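Here come two complexes built around subunit A, the first alongside subunit B, the second alongside subunit C.
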Partner chain A sequence: MNYQMIGYVNGRILLTEAALLALPMVVALLYGESAVPFLIPIAALVLTGLALSFRQPKRTALYARDGLAVVALAWIAVSAFGAVPFVLSGDIPSYVDAFFETVSGFTTTGASILTAVEPLSRGGLFWRSFTHWVGGMGVLVFVMAILPMSDGHGMHLLRAEVPGPSVGKLVSRMSDTAKILYGIYFVMTVIEIVLLLLGGMPLFDSCIHAFGSAGTGGFSCRNLSVGAYNSPYFDIVIGIFMLLFGVNFNLYYFLLIRRFRDVFHSEELRSYLLIVTAAVVAIAVDIVHIYGSAATSLRHAFFQVSSIITTTGYSSVDFNTWPTFSKAILVVLMFVGACAGSTGGGIKVARVVILIKASYGDMRRMLHPNAVSTVRFEGKPLTDRNLRSVHLFLTVYILVFTVSFLLLSLEQFDLITTFTALTACINNIGPGLELVGPMGNFAAFSPWSKLLLSFNMLVGRLEIFPTLLLFAPSIWKRRLLSRKIAP
Partner chain B sequence: MNYQMIGYVNGRILLTEAALLALPMVVALLYGESAVPFLIPIAALVLTGLALSFRQPKRTALYARDGLAVVALAWIAVSAFGAVPFVLSGDIPSYVDAFFETVSGFTTTGASILTAVEPLSRGGLFWRSFTHWVGGMGVLVFVMAILPMSDGHGMHLLRAEVPGPSVGKLVSRMSDTAKILYGIYFVMTVIEIVLLLLGGMPLFDSCIHAFGSAGTGGFSCRNLSVGAYNSPYFDIVIGIFMLLFGVNFNLYYFLLIRRFRDVFHSEELRSYLLIVTAAVVAIAVDIVHIYGSAATSLRHAFFQVSSIITTTGYSSVDFNTWPTFSKAILVVLMFVGACAGSTGGGIKVARVVILIKASYGDMRRMLHPNAVSTVRFEGKPLTDRNLRSVHLFLTVYILVFTVSFLLLSLEQFDLITTFTALTACINNIGPGLELVGPMGNFAAFSPWSKLLLSFNMLVGRLEIFPTLLLFAPSIWKRRLLSRKIAP
Partner chain C sequence: MRIIIVGAGKVGLALTQQLSVENRVTVIDQNSQLIDNIINIYDVMGVCGNGASYEVQKEAEAEKAELLIATASSDEINILACLVAKKLGVEHTIARIRNPEYETQLRFMREELGLSMAINPEKATAREVARVLRFPAAMKLESFSKGRLELVEYRLSENSALDGMLLADLYRNIRVRVLICAVARKGETIIPTGEFVLHAGDKIYLTASPEQLSQFFRHLGVFRSRASSVMIVGASKMCYYLASELLEMGMSVKIIDQNEQRCVQMGEMLPRALVIVGDGTNSELLHEEGIEQTDAFVAITGLDEANILMSMSAAKQSGDCKVVAKINRKPLVDLVSAEHMIDSVVSAASVTTELIVQYVRAMQSASGAKVKTLHRLVDGAVEALEFGVSADVPFIGVPLKDLTLRSGILLAGIVRQSGQIVIPSGNDVLHENDDVIVVTTDTTLQDIHDILQ
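Right, the complex of A and B next:
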């Protein structure tokens, strides 16, 4: 492990966070609130950041496992510092609660320990939602976009941070890829803000909900979430934008460079839209007796499906009161998640499609042992190595889920609360069902469970391995330093 | 596909079932009940069986896929015929209900549509539990044990019917292997009957509960299951025997031929005992406030853990009223299941151990890309092919579970009932939680759902592929017959 380089990169990340905190501080000042809750962590971040990144190490090589360690440590560090403003402003007096809320923000989960969000300070509310926006596309991708970094290092970091079974560069230079991604992201967010403003939503609220949908996070500035506005227009705008932010960003780049064929032939995009359509229709039929009109049922079904499959977690109504069939569909969508390379969480549509196609291929071989057939995904043959890594992901995901489920059940809440609280955290959704339903919150959990759920949010956002490998004893052994390992 | 041979083998299986039905008929006569409900299906079985197996086909070769088809069709056929006595005797007037109950019997699930079992006829009760005993070790293994069959055919049948990731012959001749397995099974069942008799249980009840624990089925002749006797002695005897029948039967053969080393070094056996011990201790601590004494808590915890991990489904108390942590442990054990090559269901301890070890190995390789490490299971290196088939099993298991879950949720029961009803059926356990808890039953489900759950019981007992492949269009195409396929 290249500990010096890991420290150096983390130092630069902390300096970036200090800069990011300036924005909510300005918001606080505009609303006549104190700047102190932001100034203190900014000072702490600058000092720590400078201490860590004062001198660039001689050996700058970062291998795959260094990349994993950088990413995991960076996400924990930015959350640990990012929680401070909430404590200092008095918005969230308990540090563990504030840490949970900040991890929930950066991982774009949107699970909250707050019983009411409306009493929060404006600066606090803004920072809380801004973490969604930064965390959605990635803390390190952001750093790469604004700071030059040699390509060999960037690739491992991008691989460890960007969700999905495979990550490619869009353009030859890593930092240009990061800039393109953040550029598209920024423009789409601005368009959503403008559309919300046009519908009459205040600027502050528009920013909050655009951040929440862009990052597929789900924090709102209203207790009743998007349902508080009771506006079909907002439901539709936010519903569509959530769905758009759940698409692989590479496709938007292809649109920009007029490679339309690649977009329309994307197997993942087609599967994603197919799942969404099927779920919306099934739920709309199931809930039409509640809302009377087909239009209202379709709207609520669309909003909730879009919110859940993209793992955003906004709600236009309390879907905890829906019939079991609709709830069952939502629970399944919680696991499916959005597209790879989007800001959404979950297992990802690409992995689900790969698993189904590979299983179908293997079963065909049982019937026709001599038939030669290759399973293809997105036009390319699926290698055994690709498939093995998807299977590994699924297995470890299930193992982490099972152990966490047993630990969380020690709280002795009902099984649905326990199961969906964990589901909502590991898939970065936010609300679950029952106690943690769209009208509930995570306040009732003990500090230990909040840390466990924070761990699961990081596991979900970083796709398991970076977070899990922090527990490997060998990562902490100096001995590794002296071992020669080929690049 | 060798349709003639598939029909021929199925014919012999139906003739065997006719012979098996003679036993409950004798019981019925002993209790002064009518023999007609058994005579009619016996006659039907003999006629159909003879028609199918009148002449042995010239081409007797059975390939892997033929084996899968034979097994799937045989299990459906014996259940379809086996349901008839319940309808004729009036024990279960609806044929769909009787079919569900019979599938539940043969697959050793133990899920029941009966709201009370005590009013049933003696002959019906005996047949219901006897299906557990036959289904536990396998309908086809039974046929192989009593009828000579060439080895090449037997192996594919055994592979398709005996649970677990890998199946080996104990001795060179297949039919001898089947005889040894059924011999051990028979002797252990007799010992359990004797021990229950010694404790003062009536002979009839002793047979019922010995069949139920030997097959890891779970049907009882008492409404309150084993709890009705309120006897620590019975709890302990049945608890221990359930655990014993959840062990790979190969190990008992090794004991017989004094290969003790193979038994004590069995990785699966050690893992199984470790899981049981940990679960018993954790649950006992969690429920001690309910039962007061540590001994009673340990006894109930042991009985329930043994019953659930072996997928038997007997209950000594209503564990639906236990705290969430205990219920969460039981739900996890429902999926883990018993050892491969036992009469139990579930994913199997062997597969769980393989998945964990392989994932650990793959994650190690992320940290040390150049380290050479082979994952071993039971002393042998795990090949990519082995692992691929375990991954395939897990993936298809999840897919079947998810689709069934969505279909079953259309019943609009609560999510826990829906989830655990399916869990209890696909893992061949019997009771779940809430409406289908140990004191509940499956009566409330619609006929469609009962068929869906019957399908899931078969999927679980036959380890997915035989049942699923019946849906492959190519299995029904004559074209396959003319294709030349190497053996």
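Right, the complex of A and C next:
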């Protein structure tokens, strides 16, 4: 382990966070609120950041396990510091609650412990949603875009942070790749803000909802979420943009460089759209008796499906009151999640497609034991190693889920609440059903459960391994050994 | 500059390491494992596929690249890759071509197929070995300005006369005009000043004219005259190139190989060489063939380990025999040169890399003062570049002592238009059409204008 380098990279990330915190501070000042709750964490971040990154270490190589450790530690550190403004401003007095809220923000979960968001300070609200925007594309990707790493080895960081079974660069330079990704992300967010403004939403609310849907997070500034505006225009704009942010960003780059063929032939995109269409139609038929008109039920079905499959978590109505079949579809979509390489969470459409195809291939081999079968995805055959890593992901995912489920059930909530609370957190969605439904919140959970759910959110956002391997002794082993040897 | 490298083998890897710092590099290889490795270590893009295929080159965005370097294992793929790239609009293409059958049609390929450069690694390496044999006292020898100025790598032995000498006193003591332009000491590389003190074990790099160099080594008492009889183990392609070059220089050549068929073939191609079927590791055979009377022993079989062991045993059996080994794998080269076991080590990969980097550097340099020659010293930590001085160089006619050079830069030699060699001192001036040799630790130097602060 290259501890110096891990500290150095983390130092630079903390400095970046200090710069990011300046934005909500400006917002707070504009609304005539005190800047102190932001000034104190900024000072702390600058000091710690400078202390850690004061001197660049001689050995700058980061290997696979360093990359995993950097990413996991960075996300925890960023959340720990990011929670401070909420406590200082009095928006969320308890630190554990504030930590939960910040992790939920950075991991783009959108699960909240707040019973009412409207009384929050403007600066606090803005920071809460801004964490979605930063966390959506990734903290480290952001750092790489603005402060390029001095040499290579950055691939391990990118791989640990960007969701999906395989990670490729768009262009040869890591920092250019990061810049392109953030460029696309930024432009799309601005377009959404403008469209919402045109529909008559106030600028502040437009920013909040654009951040929430860009990062596929789901924090709103209204208690009733997007439903508070009760406007078909907003439902459709936000619904479409959530869906767009759930698409692999590489495809947008292909559009930019006019490789249209690659976009139209993308298997993952086709499957994603197919799943969305099927789910919207099924739910619309199922709920048409509630809303009467087909148009209204289609609109609500589309918004909810788009919100849940991209793991955003906005709601235009209280879907907790929907028939069981509709709710079941939504819960299934929670697990499927968005496309790889998007800002969304969940298992990812790519993995689901690969798993189904691999199972089909293996079952065919039961009938024809000597048949040769290759699993193809996006037109390319998958190697055994690819397949194994997808299977490994699913297995560990189920294991983490099971253990967390048992621990969370100690809380004595009903089964649906417990199950969907965990589902909503590990898949980075936000609202679940019953107590934690779109109109509910996570306030009733004990501090321990909040920490457990925070851990699950990180596990989900970083795709399990960085967070989990942080607890693997072999990652830290060399240090222990060298201590023993040293006199 | 955008560069595409086809083939992520030893040469591809070395090129990536050298070029990825300043350029946008894309590497293409069919082996996904190799691609994974390379993108984990260097900040480059990897594309998995056949580099000669149009589709794959499109995916690597070859049409935007300025240079394509094809170093895949197959000549045909390299040639085809260059052709495809040329048609896609890549201006410069470099191919590694090893088969001697294509050797004769290189001109055709350059002119008709538009290859900018074809590199034959075996031939280039053979040339390097031949150069070293011409001047056996040095570990390595590079020439500038068509051989008028030499740059030599030499290790100070334990009881060398230079041990503990102040560089400023060098000329007073040995009365030879040489310039020590770089010193490698315990993993550190130093561009020395007059106050620098030499130690035994230092690896020094010095520039001088060939005559001065001979005098210098005579003075140190380590002079070895040009090798006149050479023993080569391994009848490979490289052996053919090396032996023909050595025979042309008038040396007597013995070639040893175990494979009878290859020996016969070699004998047919090189009637003036003595070809012996036998095991090069067998000391009995070496004695029989007179290793004691041989001036130089060159081990260039395909196996690195065999080459190392043979060279070591040959060095043991004959005290003043110059021993050269070909070692391809980089970790082994590092190990062997750290242990001072073998006089000189050559590697086809590093020779090829050097030639290509030289070409790329010349491409990059702004018009006017172009890089004429480039040699990489101390594993690429130091570069020695030869620039032609054109009329627009602003410091023509200014005494060198009045120029403030950037740190880590040294003028190591001037070759006047008349062919006169000047080892520069403070009062010398540059003239138009001189060639000037600059030694620098800044491996991004491209233009002679950049040497000033």
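Please note the rule applied: the second predicted complex is superposed on the first by the 475 of 487 C-alpha atoms of A that agree within 3 Å, B and C clash if a C-alpha of one lies under 4 Å from a C-alpha of the other, contacts with A are read in each partner's own complex, and residues count from 1 in each chain.
The rule is short, and it goes like this: a residue touches a chain if its C-beta (ideal position, glycine included) is under 8 Å from a C-beta of that chain, and two chains touch if they have at least 3 such contacts.
Nothing here was measured: the structure is a model prediction, and the numbers come from that model.
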item	value
More subunit A residues in contact [subunit B versus subunit C]	B
Partner chain(s) touched by A:Pro381 [first = subunit B, second = subunit C, both, neither]	neither
Partner chain in contact with A:His156 - subunit B first, subunit C second, else both or neither	second
Which of subunit B and subunit C A:Val331 touches, first, second, both or neither	first
Touched partner set for A:Met174, first subunit B, second subunit C, both or neither	second
Set intersection of subunit A contacts, subunit C complex versus subunit B complex	64
Subunit A-facing residues of subunit B, complex	63-65, 68, 323-325, 327-329, 331-332, 355-356, 358-359, 362-363, 366-370, 384, 388-389, 391-392, 394-396, 398-399, 402, 405-406, 409-416, 418, 433, 465, 468-469, 472, 474-475, 485-486
Of all residues in subunit C, those that touch subunit A in their complex	2, 20-21, 24-26, 32, 39-45
Subunit A - residues contacting subunit C, complex	64, 149, 151-156, 169, 171-174, 176, 383
